[in-house]
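Just below sit the structures, each encoded as structure tokens.
Okay, so chain A shows up in both of these, paired with chain B first and chain C after.
Presenting the complex of A and B:
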């Protein structure tokens, strides 16, 4: 099982990479007042053929040779169903895929959002050329990171050099803290 | 507080180091990150490796990722590929083991035989 929504996001975005995506956009939207937590992963990968789309949440279906199961999306579907949320997957062959998962914000069974900076940084390891855009919206305020902007400052130094990725992780942590209003947000928000 | 302007300093430092290393082949550290890997802690292992590599000031190490390797029962897996040597695969790696692998295998050149699966 995947313990954090950030793990699910990593898992879905890994599918994008497997589908040959060169651009991935991750949006996380938290709206406690509206009792909503939604994330989406949009890519420009190869897209999912219709015959595969019918089986996306079937754990015993996979497109990979030599394997009998494909658990990523079924796990996400189960997490969504446990809280009465919704999972939507739209895809077009040759254009790309959009996965959107919607959860109620206040629900005991909802996995915590978890460590988004770690997810973003892990996704970029070995993928320094990926165009990754990450937007996080909390109570209407938003923070945005775009690897294109970071790369333009690095001038040829690989984005996925360990030092750069660690810098990026800290940068994201600090900016999310500011977005959440500082302090230990997950505890505070849960208590609310 | 981190700002994008800070990246300029980091870039200059890394540019100097890269010039010194030019032409030499990197050691590759590969973390498998299929669903099986992610569920058993591959993300945590990968970031621990990044931290340890950076803390030890190791140069010429590429940390990268791949999909499921079909050894789901041994996840998280860490593969180490040194140019001209056989690939070494460590299984059931956690954050602590990952840091030890960096120190022992990458810094001291000592393979940790007990953790190898292949």
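Presenting the complex of A and C:
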């Protein structure tokens, strides 16, 4: 069940991987004062042909080639609509896709953001070569994780080795805690 | 005078597991509501009702507290995460889970309530 926005983000990003993306950028922006929560997933995958784009949020549409469209986007669309938010999907064949979901921050029916570290680690498990960039903005402060940067410090250890993923999850949890607590941003940078 | 429905009976009939503090005094149950959409529950559930839902995030406790519900039952064998349990304890909201799905939990509760003339 997609009960957290983090699950939706994972679902959208998995579509990116299925589309052959080698680079995925996830941005989560929380602005309680501006009553806004927005996330976007940008990939360099194969893109979605226009005839498929028209059907993306139609739950009864599926491509016959076996490429998964599934119920993920219709469910996200429904979650967005329940709160009067907005879902935008921009795609260009051969270049990639950008999915942006915007919610009011204060809406009872908005799913909670949920466990982003788990989403990031789940994406990387089995996809150690993926270039993943995750940026989280909270009240104007931001935290950024880039697998390219982490990989350069790992000196050959695969990014999706279990101990690396365990470390990464903890690292993300700690840094998000600092971000949400409005703590000193330098601490977050040093921890990396 | 209508007889109050006994919590022990509800707990047995709905196969409830409590997640709140043992010391928490359980308020009387005057009715029930079943739903997963927060705004709907806010608008339609009544004070003193027991709420059956599949939702388990912290907002559930906020809604229960705002409405003045007698308790929350998370259905479908789903268990509340620690932060929800913490908030329930802080707010003094009785929090349960059941292996029954919402339909069966509501059906059993309906029967209990109807026997007490509460539906």
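The rule is short, and it goes like this: the second predicted complex is superposed on the first by the 174 of 192 C-alpha atoms of A that agree within 3 Å, B and C clash if a C-alpha of one lies under 4 Å from a C-alpha of the other, contacts with A are read in each partner's own complex, and residues count from 1 in each chain.
We adopt the following convention: a contact is a pair of C-beta atoms (placed from the backbone, for glycine too) under 8 Å apart; a residue touches a chain by one contact, two chains touch by 3 or more.
Computed from a predicted model, the values in this text were never measured in an experiment.
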| item | value |
| --- | --- |
| Clash or fit, chain B versus chain C on superposed chain A | fit |
| Contacts of A:148 with chain B and chain C, given as first, second, both or neither | neither |
| Chain B versus chain C as contact partner of A:109, first or second or both or neither | second |
| First (chain B), second (chain C), both or neither touched by A:82 | second |
| Which superposed partner A:93 touches (first chain B, second chain C, both, neither) | neither |
| Which superposed partner A:164 touches (first chain B, second chain C, both, neither) | first |
| Per-residue touch tally on chain A - higher for chain B or for chain C | B |
| Which superposed partner A:125 touches (first chain B, second chain C, both, neither) | first |
| Chain B and chain C, minimum CA distance [Å, superposed model] | 11 |
| Doubly contacted residues of chain A, that is, touched by chain B and again by chain C | 1 |
| Contact set on chain B toward chain A in their complex | 1-2, 4, 6-8, 10-11, 13-15, 18, 30-31, 33-36, 38-39, 42-44, 46-47, 50-51, 53-54, 61-68, 70 |
| Residues on chain C engaged by chain A in the complex (per definition of touch) | 37-39, 42, 54-59, 63 |
| Of chain A, residues touching chain B in the complex | 1-2, 7, 10-11, 14, 18, 64, 66-67, 70-72, 75, 118-119, 121-122, 125-127, 149-150, 153-157, 160-167, 169-171, 174-175 |
| Chain A - residues contacting chain C, complex | 1, 3-4, 82, 107-109, 111-112, 114 |
